[in-house]
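Here's a structure for you.
The first chain written gets the first letter, and so on, giving A, B, C and D; residue counts start at 1 in each chain.
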Amino acid sequence: MLERLRRTLAEHTAAVAAGKVTLASYISVITGTGILLFLTLDTSDDSLAYHSIEGVIWLNIAYFVWEWAVRVRHAYQHRELRAYLLSGSGIVDCISSIAIPLAILAGVEPRTAFLLGVIWLMKIAPDIAGFQQLRRVLAQEREQLGSVLIIFSFVLYAASIIVHVLEREAQPATFGTIPGALWWAIVTLTTTGYGDAVPVTPLGRVIASGVMICGIGVLGLLVGVLATGYAAESRRTRFIKTWELVSRVPFFSELAHGAIVDVTNMLRRLELPARAIVVRKGAVGDCMYFIASGSVAVELPDRQIELDQGSFFGELALLGNTARSATVVTKTEATLLVLDLIDFRTLMARHPDLAQAIDTEARRRMKENQETGRTR
Amino acid sequence: MLERLRRTLAEHTAAVAAGKVTLASYISVITGTGILLFLTLDTSDDSLAYHSIEGVIWLNIAYFVWEWAVRVRHAYQHRELRAYLLSGSGIVDCISSIAIPLAILAGVEPRTAFLLGVIWLMKIAPDIAGFQQLRRVLAQEREQLGSVLIIFSFVLYAASIIVHVLEREAQPATFGTIPGALWWAIVTLTTTGYGDAVPVTPLGRVIASGVMICGIGVLGLLVGVLATGYAAESRRTRFIKTWELVSRVPFFSELAHGAIVDVTNMLRRLELPARAIVVRKGAVGDCMYFIASGSVAVELPDRQIELDQGSFFGELALLGNTARSATVVTKTEATLLVLDLIDFRTLMARHPDLAQAIDTEARRRMKENQETGRTR
Amino acid sequence: MLERLRRTLAEHTAAVAAGKVTLASYISVITGTGILLFLTLDTSDDSLAYHSIEGVIWLNIAYFVWEWAVRVRHAYQHRELRAYLLSGSGIVDCISSIAIPLAILAGVEPRTAFLLGVIWLMKIAPDIAGFQQLRRVLAQEREQLGSVLIIFSFVLYAASIIVHVLEREAQPATFGTIPGALWWAIVTLTTTGYGDAVPVTPLGRVIASGVMICGIGVLGLLVGVLATGYAAESRRTRFIKTWELVSRVPFFSELAHGAIVDVTNMLRRLELPARAIVVRKGAVGDCMYFIASGSVAVELPDRQIELDQGSFFGELALLGNTARSATVVTKTEATLLVLDLIDFRTLMARHPDLAQAIDTEARRRMKENQETGRTR
Amino acid sequence: MLERLRRTLAEHTAAVAAGKVTLASYISVITGTGILLFLTLDTSDDSLAYHSIEGVIWLNIAYFVWEWAVRVRHAYQHRELRAYLLSGSGIVDCISSIAIPLAILAGVEPRTAFLLGVIWLMKIAPDIAGFQQLRRVLAQEREQLGSVLIIFSFVLYAASIIVHVLEREAQPATFGTIPGALWWAIVTLTTTGYGDAVPVTPLGRVIASGVMICGIGVLGLLVGVLATGYAAESRRTRFIKTWELVSRVPFFSELAHGAIVDVTNMLRRLELPARAIVVRKGAVGDCMYFIASGSVAVELPDRQIELDQGSFFGELALLGNTARSATVVTKTEATLLVLDLIDFRTLMARHPDLAQAIDTEARRRMKENQETGRTR
């Protein structure tokens, strides 16, 4: 028992040293930042609630200090101390550990200092797939996003100076300074429209109308750039992940190179837990499945057939039988590759050999099913 | 007469037992939830209006209880009682029936209890095509939607803590707590901008500007993901529906497999009631039509030609005559497949045999028309 | 002179009778509706401004009555009176003519009755290209737009009932009735956010946050559907317009059918007035031009070459010379077809014969130019 | 030293004369317009801050007058004075120079006159890539943007007249005039929603709901048009830039024409400074690199290999080894062309000869590496 704990701890320490974002990191970042929400609700400094929050935060800090120490030691041993300390993650680890204690030492009230815990979010950000994808999209579309931001700034600045001149006498409090007018322009150009600053002179309103219409124009450009970039990036990520899986299906390995690329572009990954229903008997079928990993059970009326990695099923739906003839359930955690009807048809048109192979196998199974007396 | 009523009722009961969303369900859900709108307008508990509303609601509950009972009985007979009771629709049926009576028994004021009727919407939701499509899109894009939501949450949380620190002294009522600042951040990041909480300090406004710009960025990502997913899903749904219709047109059955896939991708379905004008004489034509079901009448000056399932018309427009030479009207409800000029040209380029077939038929008709003395 | 006026009038009457939207219609609709803007600014009924506005409106009504009369007479002569009176345009013509006089007769104050002039906009709407295109997009995407609207309504209704229950005690004035809560839900779901109704209870704000996020989700779906539909519709319209022009360029007529379709998809139309500069000497060139109608002048240092319909120019830019070697100016109004570098390269790869033809012609010209002593 | 300064000045003068936007222009426009921000914050006319701002602005004006003078002189010498003075840039140069002095002479208070400095932004606008791209998009999509704007105006005008009639009695201050109602309609249709004008009557709110839903519809159309146009324009610009670079890589020059077009469409440009890490040893690789300009160093354990323009690296990742086997760092500023895994696979399927060439080179290198004793 104690031995086991020690082993787990050693493994965890190794993972931390290697710079991985461990489950423990996730838990402590999420509880640590989540608890900040409650910090401001209760104003009494002596309540149990406040002391618990305080406790969680100090525990968090202790954990992050330990994490930092492990990494510093590992870097020192590998003679990468300087590189680690100056790297992005090194700086985040350092700030996560010392920001709150330093703030308190500097005389900041603890309640306020604890809010620095929001920095902890940066510990898990690099590990989240969405951020990595976003970073790549931003990197690839940086020229065009830059262009849109420049257009945005031009409209913003010109509008705020014009509206400042037009409105400063009517509303000196809100439009009397250019930064004030700029605030109005940002609120308007993003179509947020708080309503705290609103032009009242006729000319000011004409300019404001132009700004609002530009606002939806800028939105259109930004959406265009981001949507295009995100779609391309997703397609790329998906291809790489699917490509790896396709190689595990022997059925595809005999295909010509061109056909494999086509197939990879068409397949969708589907990750399922154990005992999930993939196909329900009688449901309308519009896709077939290849098993990239794990195994599934086909529940025939009289027996159960088990299919393993590399097999396929559901092909009858694509060959004319639109109602599924049996329920299929995953036996283990499984990764399936899904081929939709539309893509199947396209594939058959382009690569008749592939179609032939599926057709032969399907006919064999159908015959087998009929011999065992099953009718749909 | 009575016999007929009994038969209709039996059919309806069978449909209900099979778990279908019947017309009666639709009607009672729509009237039931629609009437809630008026529940709050009239505050007198004794008015005729209130009693009518009450009546409709109790009638609705009675109907839903009956529906539930039919399904429970059917499930019991088929030994699926437990499965039904724990299934999504079983739970919805149960809550729809007992929520309001239970609430009233528990002492809730009837007027308030009746508002639970909004739950009835869940009875028809699974039957609506849009929801099914949306669910598939959400399922397929869940990774990417998840990424966008995580980015959204990060920006939200970081922004609300920073603005809380910057604004809490200036505006303790709105920014004094982190949940309060979080409310502001959501209102701003979605570009809704109620204006009930607005930063007033210069630094707070700078952060807020960043949040607004992130807001349109997040919007861009979300639109990109949803638009791409929806477009792919629509294309798939459309292909499946059209594929089925294409097989009914003998003209296409002689095509090579590759050509059929191409044609299916190009055709648009068009469902028309009886006596609808498909093509008006003299109008500019930019598409041709294939009849997948039903029949149409071509109104020539001297006679009327009837075309049935499998025929095509309007092809002259694609072969050079841009003005339609005759009016075509549907005789029965009809499903047509429309081929646009652009797709027709592409098709002719890729599959000359198809072009040949259409051309031959068109020339035959044109000659026939000329012989009967018709001029355009 | 008088003869000429009479002829113009007769032509105009014929156009009106044929149901066309004439320039006179446009002018009177635009002045008539435009003048309504000023109707409410000046409250004195005796001012010159008011009498002028009154005059313009009555003049407009007189014109529309005349237009209506001409069309009624024409329809009567062609025995289509009933069809015309019941058609969309017949009803609009009728209402445009009689709405204001009838309202005044019925005792409505003239100032208010005149506002009915906004109906006149419907006279020109069917003639505007944008509306026709929009109508086709709406018709083709109606199923999907319907789905989005149903999802929109579901979220709207459920949210307004929940928020009504949560907020009615805290804010009886705004959330006390369900229609009131529905108003809030629409303002929020469209991310408009007036701020006249804002939830204040913690739970109400959680629901509201969900509604705002759904709001940008619904926006994403709607944008996806409309953007896809509009893009497809534009592509179709553009193809049809370009196809017609391509047939006027002899150069393309010798191409194989497949190549023509490809070329048509790649060309962009460019309509230019007389004396417009198409290409400026020394500018970086990334496209070539075909003349579909009109003529242009190539300004060489020593002479001017005139090119007519069917010729092409600017091809040197695509064959390696990126700086334009001469300025080209339109001599008459001209319609050009533009082929971009990217499409030109693709075209050359797919149809080497086309590339050969352009290359030969380009070399001939280059040699000719060199012989006349011009260097780039 | 003095000689050098004189030479720099002469070069700069020549660049200004040629109409280029020099670095000096950028600096003076940005500082000049940036300083306007502070002009309104400090109200004392005698403070040091104000005098500094004043100084910067007059310095700016002096520079722009000089710039203008240089260009006028140059144009005069080349007998293009009239053309220059009437050209867009000539007018901007003139206004930039004389607007502020003229305004002060005309009696405008200096503080206000200085705000005319916002015009200076127009001096750099034509030089910014984003604006050029935007202008081309607007030019190409002008028909469709026009259609959307017309639909926008129709909805706007009709809604504002209807809401004016419905709300003028309830809220004479905001909806009492049609321009007032129009302001509300713009604020609503762009989903800005300030909340300064909000319908309160039930019917007014129904119309307003319609306007809000139209608002997100118009947004959808606008986004669709702009996103499509921007994507097409970016693709075109990218192709032209990449095409030029591809010709510098000897590896591609042996390809068939069709393959070059395909490759150009697939490659992404990547511009890197000196000493940037391109590939990190051990990282997962999903792309290969071609060097279009500059040079890189491959850091093998025992030595460093330098690769120059025309070479490629990282191809092992695409041939099965997903972990990078060496770190690659740029030695000079370099432009690389990146080929992603997905595109590489497609390319290999379509052009086996290219795949063969990469494969041969990769095998040669791998063997070489193994011989030098390196293991991954």
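General remarks:
Keep in mind that, in the parts below, a residue touches a chain if its C-beta (ideal position, glycine included) is under 8 Å from a C-beta of that chain, and two chains touch if they have at least 3 such contacts.
Computed from a prediction, not measured in an experiment: that's the story for all the values here.
Superposing the C-alpha atoms of chain B onto those of chain C requires a rotation of 90 degrees, given to the nearest 5.
Between chain A and chain D, two chains of identical sequence, the interface residue sets overlap only in part, with shared numbers making up under half of the total. Once the centre of each chain is set as its mean CA position, chain A and chain D turn out to be 27 Å apart. One finds 39 Å separating the Cα centroids of chain A and chain C. Residue positions of chain C touching 2 or more other chains: 179, 191-195, 219, 223, 225, 227-228.
For chain A in complex with chain D, the residues that touch the partner chain are 140, 143-144, 146-148, 150-151, 154, 157-158, 161-162, 164-165, 176-179, 182, 188, 191-195, 198, 202, 205, 209, 212-213, 215-217, 219-221, 223-225, 227-228, 235-236, 239-240, 243, 257-258, 260-262, 264-265. Those residues of chain A whose C-beta lies close enough to touch chain B in the complex are 33, 36-37, 39-41, 112, 115, 118, 121, 125, 128-131, 133-134, 152, 179, 183, 186-187, 190-196, 218-219, 222-223, 225-231, 234, 268, 286, 340-342, 345-346, 348-350, 352, 355.
Only residues 191-195, 223 of chain A touch chain C when the two sit together in their complex.
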